[in-house]
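Two complexes come next, and they have one chain in common, chain A, joined by chain B in the first and chain C in the second.
Right after this comes the complex of A and B.
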């Protein structure tokens, strides 16, 4: 009887040690996957920052650093999906940008720009897909080609999941 | 005398110990392998982050991350999508999609710099990530075309004054290298461009022993496969466009701007683990990205001209020039989609780019546009 209970104790101890080792392995796996999730979020944040820097410096959009040219924005927006596909090969995919003019001058409209109302408008959106994800906002200037003046605007750059 | 229980304890202990050790060693071995691969992939990702930063800011950066690993080759490949492909020890590593044109000649210490192609109406930037190297010129003719080509090639490389590692320039005449400063080193770009006009002479075909850090650039109207002993052979341009050949590699590579030649020279005449010519792959990658960007930029500008022509605020003299510019952009957009190996298409493209620059300059001079 005493021998049997000693064997039982021994077996229980062994099982307990094994359980501890397996728990440690599962904990390390869970830790890795949670770190992976945080890393993905960090990468997305970094991507938004890189995209923002590229847009405010790209001659496709600006006349100089952080000064967008409204005629260039209008040209790109008017090409719609064709422009998006071309831009994806240069900037990657799954992003959107919006530029919204803030200071409305008397008698002028700052609604969404279309083929019929340019230059009497003040909102451009490119490559929007619907529900947004990570995004950043930055104050920029928009050079109004027709009026030869700069307006204040907000640039929003976002990345979808 | 040993009891049954004692024997049971011994056997059970051995079985359990072996089982636990097997689990732990197996897990640690897998984890170590994954960790090592992860660390190398992270090195490539961090390198490309630095490339992005330099592309955006233009500020040179020194990168030493590759000193921890022994790699066989690491260069951009013109796959769809294009990626940086590195081979370290017995494994290959692919980067994420390359969105920035980057030419690589990597080592333990790498200087990452940005250069530009200024087209007037737009600018195409590219990044060079170079370990210490010397570009050795071997001009076999003494004429203006050859020496202007040497200046263009040198201007396509970074000026490494005040930075490390260095990019040097030298001449090879027969079995000797010619340039030495007071310390016995060849010249960096600024000094090299300063002395180039005072030392014009046709040189003998280079037979000097060159290390792996030297890239020989032979300039001759007789360039063809097998003409040069090593490196790149560049024939003189006609209307800004010409052929280049890589020693030991098939293919006539067409150059139309300094970036084409920079890609060929930086890639060099070596081969990667697949047997592909690194210089040729780098040149194809350059054209894949930069011709694509050129086509996109021309398409957007063409549409912009159409919009500006319709605006009531546009002056009549500007309207006429916008019409010319729109036609030029349409032609460039078409030609940018041509085969970069097609010299007649690339000659037409170069002519249209020169024309577009002239029209843009007139738009700027007339006050219709501002400089990019």
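Right after this comes the complex of A and C.
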């Protein structure tokens, strides 16, 4: 009887230790996969940050640091997909930007800027491909050349997966 | 039957019965009280299990402590600085050169608070106050999650120095707030009334609690 209980005790202990080892393995596997996901997101965030910094300083878009020139934006916008391909050759692929004017004046159009409604329009979007992934926003200005006025705007930069 | 005394013990003498069965107490070879051998083993097992649990828990806590979300610090610093920069560069809608940009209006409010902003019928101080609150509320991230404070002082004056003029816009409690807050600075150089002014604007941002 005593021998049986002793065997039982060892058996239980073994099962318990086995369970602990198994749970440790599962925990480490989960840990590894979550770390991988975090690392992936971190890399995307870093890429968005780099793109953001390049856009707010690029003379292609701005007149001075963080002040986007609406005439330059309109010129790029009017080229559509051709412009996007050229921009992708400079900044890499799979990204999009949106520049939206925030302090719209009464009576102004808030729609997307096109050749027909410029300069009475609200936002410019480049290289948009539909579903978005990681994006970040940054306060900027848009210089309205026709009115010689700086408007408050929001730059959204994102990358696709 | 008598046995002779052992050589080392001359005083003692004993009588032994030759074939009488001898009872040896169990503790003689286990070293424990009778009937406690199983308890000791069980205690050892429990200690072992507890030890394992502690090791695993410590390992888990250590690994979880490393699992921090991706840091937003750099991005938020960039956001705060660009927020300050873009607001200061935005037009107020006034044509008067002293109130054209928000930075002009803030400087004007600091130097000559009651200066009228063109034909708007408002003073520099009123225009600065309205513009700053209107433009800050345009950003969802700020209006929903953050409190803000703009502190305007002379470049050559410490914020806490006695006798220095200090102009504030926003939540004044933020200056003494001990929690985490972000700071962005902006310098304005302005010539007004024949004098050159160097004005320092500081923006404090802190998360709503």
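Some points to look at:
Basically, the second predicted complex is superposed on the first by the 124 of 161 C-alpha atoms of A that agree within 3 Å, B and C clash if a C-alpha of one lies under 4 Å from a C-alpha of the other, contacts with A are read in each partner's own complex, and residues count from 1 in each chain.
Going forward, a contact is a pair of C-beta atoms (placed from the backbone, for glycine too) under 8 Å apart; a residue touches a chain by one contact, two chains touch by 3 or more.
If you're wondering where the values come from, they're calculated on a predicted model, not measured in any experiment.
Of the two partner chains placed around the shared chain by superposition, chain B and chain C are both touched by A:17.
Of the two partner chains placed by superposition, A:98 touches none, neither chain B nor chain C. Contacts of A:87 after superposition: chain B is touched, whereas chain C is not reached. Contacts of chain A with chain B, set against its contacts with chain C after fitting on chain A, overlap at residues 6, 17, 53. Against chain A, in their complex, chain B makes its touches with residues 4-5, 8-9, 12, 16, 19-20, 23-24, 27, 49, 52, 56, 97, 99, 122-123, 292-293, 295-297, 299-301, 303-304, 306-308, 311, 313, 370, 372. Put simply, chain A touches chain B in their complex at residues 3, 6-7, 10-11, 14, 17-18, 21, 25, 46, 50, 53-54, 57, 59-60, 63, 71-72, 74-76, 78-79, 83, 86-87, 89-92, 118-119, 145-147. Within the complex formed with chain C, the chain A residues making contact are 2, 5-6, 9, 13, 16-17, 20, 23-24, 27, 31, 34-35, 38, 41-42, 45, 49, 52-53, 56, 65-67, 102-103, 105, 136-141, 149-154.
Put simply, chain C touches chain A in their complex at residues 38, 41-42, 45, 48-49, 52-53, 56, 59-60, 63, 67, 69-70, 74-75, 78-79, 82-83, 85-87, 89-91, 93, 101, 134-135, 138-139, 141.
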